[in-house]
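Below: a set of structures, written as structure tokens.
After this come two complexes, each holding chain A, first together with chain B and then together with chain C.
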Partner chain A sequence: MRITVKCFSQVRYALEKDELSLELGPGKDTKDVEDLVREHANKKLDGVLLRTAVNRVYIKEPQELKDGDEVAFIPPVQGG
Partner chain B sequence: MILTEIIPATIVPFPSDNTRREEGAELIFNGRVRGTEHDKDILFLDYEHYEGMAEQELRTLANETAGKFPIQDLFCRHRIGRIAIGETSLHVVIWSRHRKEGIEAMTYFIRELKKRVPIWKWAVLVSGERVPSECVHQD
Partner chain C sequence: MIITPKELQKWVKDGRTFQVIDIRTEDQREEFPLSVIGSIVGSAESLPLANGHPIILVCQFGVVTEGLILEKELDNAYSLLGGALAWEALQTEKDDLSRWSRQTALPELGIIGQKKLNNASVAIVGVGGLGCFAANILAAAGVGSLLLVDGDKVELSNLHRQHLYGSDDIGSKKVTAAKKRLSSQYDQVILHTVPEMLVNDNANEYLHNADVIVDATDSIQTRVLIDHTSKETEIPMVYGGLYRFEGQVAVLNHHGSPGYRDLFPELPTSGDACAEAGILGMLPGIIGNIQALEAVKLITGIEPTLAGRLLIYDGLSHNTTIVDISRKE
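Our next item is the complex of A and B:
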């Protein structure tokens, strides 16, 4: 399956990309992808709390992914 | 009525309304860009958002606020992109019958906006350095 990871703020800064397109094996979940993102960030996201959204909705627990999903790891927001 | 917008342009305030007969409180909040970050002078703030999700979260929060507090209307405009010092980044107007519920609703809405609506800001310093904006809130 192929998923898209959207990158914002500190995640974009750490990965130097606006988005990633990842080919994943079956059964992978959001935690697997977060681990991958943190690994690629080369410690730049260490200590940064990331909330997870799948298809633009926050999730509270790791969620198994399906083909075409859009995932975002959301650093602390700063609106206002 | 609920009205929420995220726009990449100068915020035009919602007009005041002298025709209302039942709402005794009209609360207006303008969040403006400060001239310093991390005790350093800045040139401007640069706001980014998660398009689609930020709009949805803002709308959901506004509806939730209107359900939680007995207010009549909540209008909100949030600006994104480059915003100069002193300019408005967030404009909120709440109409309610009495001030108490309006003030409580305004406090709740802005506090939650800062927790959950996926909008971020970077400060561009006079030196040209780009740093995450740092906002410390007590609640």
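Our next item is the complex of A and C:
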């Protein structure tokens, strides 16, 4: 299955992209994608908290993904 | 030309001769009759009149008549600012609402909404980038009283984005400088200031009288404290945050909508404030104004708001993403 990852704030700067397209095997969930994103970020996201949304709905627990899903990782932002 | 209800009131009191022409529909005249001033029913086609007296043109909101004067190039005619609604508000409640005639013309707001704003109190925690813009536009919109909470002093590096301050204010408390600037610009707003940081001991005392709390802080710890107070007092908060070209806004703790800790149950340990991350002055302008817009909607009951939704604005692409944060499980 193919999914899209939307990258916000620190994620965007760590990956130097605002969007990724990933090909995943069956049965993968949002936690698997977060692990992949953190791996791609090469330690730049170590210690950065991420909340996850699937198809623009916040989720609190990892959710199994299906083809065409959009996953967003949203860190808290502090600037004011 | 424009005449405000107060100026027209003075004309009446001084016994000046003028003619009032009411160009509204019969339904509008019946709903809001013009009191105190005698008027004749007129239409755009009947203008101009050639009797030499000044003409006061009245429509419902004062917008149509302004256009009419320009279109017909009428020399001796005045458009009543805010129209019949502003005139009646002055007669019945001694309130001159014509200053806000461009917003009372909005059907969603109207005179009733404006009166709600005039009677409302908004607490703004943090008078930095977001807070300067939010405070300025809320005062301009006619919010009756603003409480400004910030313990910081103005620094040179603030000036590119915190437009309530100038070089002369460097070293002054931000709330003092903000009050000076806002009171010179908006004479109707009541300004209260707290020149200290919000802490556990004072949060409830300072915030409990507000109708809305604008969270314009740059500290997650303060944000969590505002969230806690907002939840406890059932006063909604409008959260705003910035990271480089990105901004977030949400209305939290409004009629059971999620709070900040529902969004981010764990707290980050490292900072990403503007000083470390960098920021252009336009970003707090955009996000602070969206926060102020949400505050106005909460006060006046205009819907929908960002309750249960997180708005993420990207200043590079100008894309706006709205995420549903209302799901409980």
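Convention: the second predicted complex is superposed on the first by the 76 of 80 C-alpha atoms of A that agree within 3 Å, B and C clash if a C-alpha of one lies under 4 Å from a C-alpha of the other, contacts with A are read in each partner's own complex, and residues count from 1 in each chain.
The rule is simple: contacts are C-beta pairs under 8 Å (C-beta built on N, C-alpha and C of every residue); 3 or more make two chains touch, one makes a residue touch a chain.
Model, not experiment: these values are computed from the prediction.
Student: Of the partners chain B and chain C, which touch A:Val48 in the superposed model: first, second, both, neither?
Tutor: second
Student: If you stack the two complexes on chain A, which partner ends up touching A:Lys6: first (chain B), second (chain C), both, or neither?
Tutor: both
Student: Determine, under the contact definition given at the top, whether A:Val77 touches first (chain B), second (chain C), both, or neither.
Tutor: both
Student: Report for A:Ile59: first if it touches chain B alone, second if chain C alone, otherwise both or neither.
Tutor: Touch status of A:Ile59: second partner only.
Student: Can you tell me whether chain B or chain C touches more residues on chain A?
Tutor: After superposition, C is the partner touching more of chain A.
Student: Shared contact residues on chain A, chain B side and chain C side combined as an intersection?
Tutor: 6, 8-10, 53, 56-58, 72, 74-75, 77-80
Student: Which bits of chain A are touching chain C when the two form their complex?
Tutor: Those residues of chain A that touch chain C are 6, 8-10, 12-13, 18, 47-49, 51, 53, 56-61, 72, 74-80.
Student: Give every residue of chain B touching chain A within the complex, in rising order.
Tutor: Result: residues 31, 47-50, 52-54, 56, 78, 89-90, 110, 113-122, 132-133, 135 of chain B touch chain A.
Student: Given the complex with chain B, which residues does chain A contribute to the contact?
Tutor: 6, 8-10, 53, 56-58, 72, 74-75, 77-80
Student: Across the complex, what residues on chain C touch chain A?
Tutor: That would be residues 126, 128-131, 216-220, 240-244, 246-248, 263-264, 266-274, 277, 279, 284, 310, 312, 314, 316-317, 321-325, 327, 329 of chain C.
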